[in-house]
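Everything below concerns the one structure shown next.
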Amino acid sequence: MLLRSNALAILVMLALLLLWEAYCRMSGVTPLVLPAPSDVLRSLYLNAHEISGHALATIGVAALGFSMSVTFAFLTSIALHFTPTLERAFIPVFVVSQTIPLVALAPLMILWFGFGVLPKMLLVILVTFFPILLSLLSGYRQAPRDFLDLMASMGAGRLQRFRRVTLPSARPAFFAGLRISATYAIVATIFAEYAGARSGIGIYILQAKNNFRADLVLSAVVVSAVLTLALLGFLRLIEWWTDPETRRRRHAPA
Amino acid sequence: MLLRSNALAILVMLALLLLWEAYCRMSGVTPLVLPAPSDVLRSLYLNAHEISGHALATIGVAALGFSMSVTFAFLTSIALHFTPTLERAFIPVFVVSQTIPLVALAPLMILWFGFGVLPKMLLVILVTFFPILLSLLSGYRQAPRDFLDLMASMGAGRLQRFRRVTLPSARPAFFAGLRISATYAIVATIFAEYAGARSGIGIYILQAKNNFRADLVLSAVVVSAVLTLALLGFLRLIEWWTDPETRRRRHAPA
Amino acid sequence: MLRLEDLEVRVADTLLLGPISLELRENQVTCLIGPSGCGKTSVIKWMAGILPPEMKASGTLTLDGTPVERHDRFLSYQPQSDALFPWLTIGENVCLGLEVAGMSRGEAWAKAAPLFEPFGLKGTEHLFPRQLSGGMRQRAAFLRTIVQDSRYILLDEPFSALDAVTKIRMQEWLVSRLEADPRGVLMVTHDLHEASRIADRLLVMSSRPGRIMADLPINLPRGQRSETALADLREHLKTLLLEDET
Amino acid sequence: MLRLEDLEVRVADTLLLGPISLELRENQVTCLIGPSGCGKTSVIKWMAGILPPEMKASGTLTLDGTPVERHDRFLSYQPQSDALFPWLTIGENVCLGLEVAGMSRGEAWAKAAPLFEPFGLKGTEHLFPRQLSGGMRQRAAFLRTIVQDSRYILLDEPFSALDAVTKIRMQEWLVSRLEADPRGVLMVTHDLHEASRIADRLLVMSSRPGRIMADLPINLPRGQRSETALADLREHLKTLLLEDET
Amino acid sequence: QDKPEEAKDLQKVSVALDWMLNTNHVGIIVARDKGFYAENGLDVEVLPYSDTNSAALLASGSTEFGYVATLAYLSARASSPDLTALWVTMQHETGRLVYNSDNEAIKRPADLSGKTYAGFGSNWEKALISTMIRTDGGEPVWDTVTLNTGAYEALAVGRVDFTLEVATWEGVNGELLGRKQSWFNYADYGVPDQQNGYIATTTKMLNEQPDTVKAFMQATLKGYEFAADNPAEAAEIMLAAGDFPNPELVRGSLKLISEGKFLRDGDTPVGKIDPARFAGMVKFLAENEVLKDKDGNVLKDPGDVSSWYNEDWRKE
């Protein structure tokens, strides 16, 4: 199904790859500058074992950072939702935080927080936290006034109203924000690794580059794209799985 | 007005800066590792002339790249809007393009396209194009069916319907997407410069880092934030200025 | 008997409505009718205890002579939309009020289940709201209101989103439901045809600031309310409403 | 005279409505009434030439005996919402149809300007739609339709979004406007009270697949259409509509 | 890698590197993997490469020892007395200025005037290149494009005219790829000859734990001596220690380091800092206004620099 709905897009991408391959063969450009897709795939295959080790490290950091980010965004969103003053005080601060160039920050983070997982996680959080937070807050605002009124008229308190109305209303917006953030989670992790790490796709890219292997750099790019798409697919699955209708279909007696 | 509505946020930021300053003074941490805000400000002042030269270069590239990006996004959005097949074929390609780690791509881009403005512009476009395109397409979809029907019943063709209904309907979504993209335009430029350039904030950061001047790195961060906020403010101004109601108020006889 | 006395609602010193006094009798349907913006919804929200904080109200509410503390104990409110939560099944939606009041899901379901049949909702228990027609949704919303066993029920334009034919059907259905299980009802509407078909008593509000400008009992049994029999009353209402707003 | 013959509309082999034949006379108001989903909007959209492509229609439309090519030349369509563009002033909205038909802004304005007074819209020319009340918006939408000088006008539930009091006012206003400037009107509604108050002729559609199940002329002059005078007709319509949908 | 049984008794210290793991670091890796550190009671962690300067990492206290590039060390020491050098790896300058052999326009440094240079964003490059051009009689003006490691590909495809390289790494790579490149040595054109690649520690560490410093440095010395004497074996140890997508580069590099007498030159002890060349380099940098003091002002007169390094660990 996924394949069918994207068949056209896959064709386009194949066409682009073919063009690229053709260009490399015709122009005779050195693979040091522009390796052909076939070179990249071959290198990917030959170095699969090594790359997958690095990929695992990246997945670990990205998963940790991203889930921390989601957790923080969720907690923050609740705090800001219940105290509009906080929202007015902090949203601009978060906006400003998005204007900081990571290239400047990443080396300093290593200096401040060492070589462990912490600085990398912080960078992933810095990149992914704000879009999730914003989408949660805008999701909360989509809770219909009438639904809240109805709950209040039944004698429900703030917390119950939040849990039973505001939160479910924010579901679609939340997942939309999650998807946007997830697109950048892997890339941010790679970037953070690039600034300093023992292993990970970022380190692999750096090694490949310092050893003058453009083909391996591009192999790592392919892996990064695959990881991101996998993460997006995984989120789709969670979204589908936690959908009230899916849940009901699983449990319903009929 | 801008000041008043953000007064709380400004207070919070000042408080954070004060905390940081206090920490630096109390802990006696070396400015090599963590310069105090006052150090940063002083360095910014002392090096204002040099930094502003670099800032100008960055502004130039960012402005060029961003306006190209907006132009391309607009043209692409029209093409995709009028041919849904193209949309199905290309949107996934653009999604995949967002999963490419810039750290890997940037040095290669410099290699492929030289160290002129071109590779930097391409990177800025890569980062900012897709959010604008998506917001335009979703904006187009917000054109009310009834409005389009009405135009059709009056005998308006596809182009006229697009110009008079679809385009104005997409205005709010377009500006929302523009703001998101603009947040990343300056950062992306700096990143691109970092990979290779003659001058620009990115180069300044690199130099400051290589010369062990954390204070100058952070000065550059401040400049980058200010530039981004200025760009956002500028977009707000354009949005206000092109608002039909503002325009009418200017021209209306009454 | 539920008495509301001297209700006044203001926003930032502008009087939106009042002073209004009215009383609801048990087992009687009162319709509150008036032009748009006169404050019908505000009256009903105040009674349900959910007036938004920016609207300042003064007035008293007494139940059989004693002032009221917790509205949710004896009043059920049904908002202008059907307000069925799209992420819950009809069954879960119907049990909502009972669960909020503290029942377990099992208890709530035991209480609600037998009512699906008489409400014509048999078989919809596991469906989601979007799978129901407008009329069925309205019945489900009403079931959710009724199942809470409140003595008084506040309905805000329950049928205004329905098309004319479904509306007529639902009006007849509501009347028969209330005959089977009588409650004290305050129903807001701006449709004079609807009000005259359903009400035991009609309260007509003036345009903003809303006051009650007529209190008309309708003694005709509902079975006999043909278009012809109601024609005079409607003409009178029309005159009242059209005259007021100039 | 505009004749529609043997219209049938299908979506993927399901018959949505038809076969339907009907005719509109010049200077006469025809109301098309029927339950929700019976296909009223589809009939009107087909006549306006804007049926969505997934709906396949067969049928002919003839104007005074000759088949019709360009609908926009003699038909004006007003959608179910008022469809005033929020980014244009009322003045610009009203000129829209004229500009689309090829007039310059100046010409269009010269033609539209004198009509603001009789439509009760004087002073709103430079306002935006959101600054107008519901009734005024509806009048502006109607002005935009009328100014195109089409011989036939198609109105899709023009008053369904208005509250009851405003609705009655607007119905009276529409009747008086059409008396001053008569056109052939086909108005869709599902409100039988509204239809009986406005129409010269009533077409009643059955539920899906919609067919015309009654064609009722109303000969009573509009000035004499009191609730009492219309009561019998309404009772009849109600019976027709309620019986159909079972 | 494989730690001895009594690992828990070992003192943990770490060493930060100046760049991706490469053959400059060979002695440290050999000492670690052949157990020299463990013999001296140390469990040494080689910190992964980071974009963060190793001098800054030292100053921040993130690590006990740092392998610091020459310029990085001298610049950091000029602005902060917290660091002290213990060792210098390369007895001769490994850096050189390269250009493509087929570039007809370049015959001598004076020809570099007006050409395009692929740079790395440090202050010293300017001092270096202008000195070379001026000494050769040219006018020191050129166009700088800061490219970082992209510089070598840019040179290879002719997008820039010249850049700086490390003979024992990029130079070897160029040769492996059969690139036709020529070079000028800095010292031939007015730049004082220098040693390359310091190992430094914090002054505090040196004062408080001289024994640890001694243990670490003596094992390190043993590692480098081994590498100098057994380049082929050292290459295999390096290859086993890290991911090197291009093993020939490592082998070739170590071969060159050995053959070029970069580590062991005559009877000079391996890693010995030469006071004269050290002072000469500082003077050169100060004159060219490369160094800044702790307030960010240009350091014109560094004064006596003998306290900038300390080789007491060599004493028995």
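Chains: A, B, C, D and E, in written order; residue numbering restarts at 1 for each.
Note that in this section a contact is a pair of C-beta atoms (placed from the backbone, for glycine too) under 8 Å apart; a residue touches a chain by one contact, two chains touch by 3 or more.
Bear in mind the structure is a predicted one, so any value in this text is a computation, not a measurement.
Trainee: How many links in the shortest chain of touching chains run from chain B to chain D?
Mentor: The least step count works out to 1.
Trainee: Report the chain whose mean Cα position is at the greatest distance from that of chain A.
Mentor: Looking at centroid distances, D is the chain farthest away.
Trainee: Let me check something: if the centre of a chain is the mean of its CA atoms, which chain is farthest from chain C?
Mentor: The chain lying farthest from chain C is E.
Trainee: Please tell me the distance, in whole Å, between the geometric centres of chain A and chain E computed from their C-alpha atoms.
Mentor: Centre-to-centre distance between chain A and chain E: 38 Å.
Trainee: Quick one: report the Å distance separating chain A from chain B, using the average Cα coordinate of each chain.
Mentor: 20
Trainee: Provide the C-alpha centroid distance between chain A and chain C, rounded to the nearest whole angstrom.
Mentor: Measuring from centre to centre gives 48 Å for this pair.
Trainee: Please compute the C-alpha centroid of chain B, do the same for chain C, then give the distance between them in whole Å.
Mentor: 51
Trainee: Do you know which chain E residues sit against two or more other chains?
Mentor: Only 51, 53, 56, 60, 149, 153, 157 qualify.
Trainee: Scan chain A for residues touching two or more other chains and write them down.
Mentor: 33, 107-108, 111-112, 194, 209, 214
Trainee: Among all residues of chain C, which ones touch two or more of the remaining chains?
Mentor: none
Trainee: For this structure, give each pair of chains that are touching.
Mentor: After working through each pair, the chains in contact turn out to be A-B, A-C, A-E, B-D, B-E, C-D.
Trainee: Per the contact definition, I'd like the list of chain A residues that touch chain B in the complex.
Mentor: 5-6, 8-13, 16, 33-34, 85, 88-93, 95-96, 98-105, 107-108, 111-112, 183-184, 186-187, 190-191, 194, 201-202, 205, 209, 214, 217-218, 220-221, 224-225, 227-229
Trainee: Quick one: in the complex, what on chain D touches chain B?
Mentor: 45, 48-50, 70-73, 75-81, 83, 85, 87-89, 96-97, 100-101, 126, 128, 148
Trainee: Per the contact definition, I'd like the list of chain E residues that touch chain B in the complex.
Mentor: Residues 51, 53, 55-56, 59-60, 72, 75-76, 79-80, 82, 120-123, 143-150, 153-154, 157, 159, 292, 294, 296 of chain E touch chain B in their complex.
Trainee: Would you mind writing out the residues of chain E in touch with chain A in their complex?
Mentor: So the residues of chain E touching chain A come out as 19-20, 22, 47-53, 56-57, 60, 62, 149, 152-153, 156-157, 173, 177, 243-246, 249.
Trainee: Can you list the residues on chain D that touch chain C in the complex?
Mentor: These residues of chain D touch chain C: 35-36, 134, 163-166, 168-169, 189-193, 226-228, 230-232, 234-235, 238, 241-242, 245.
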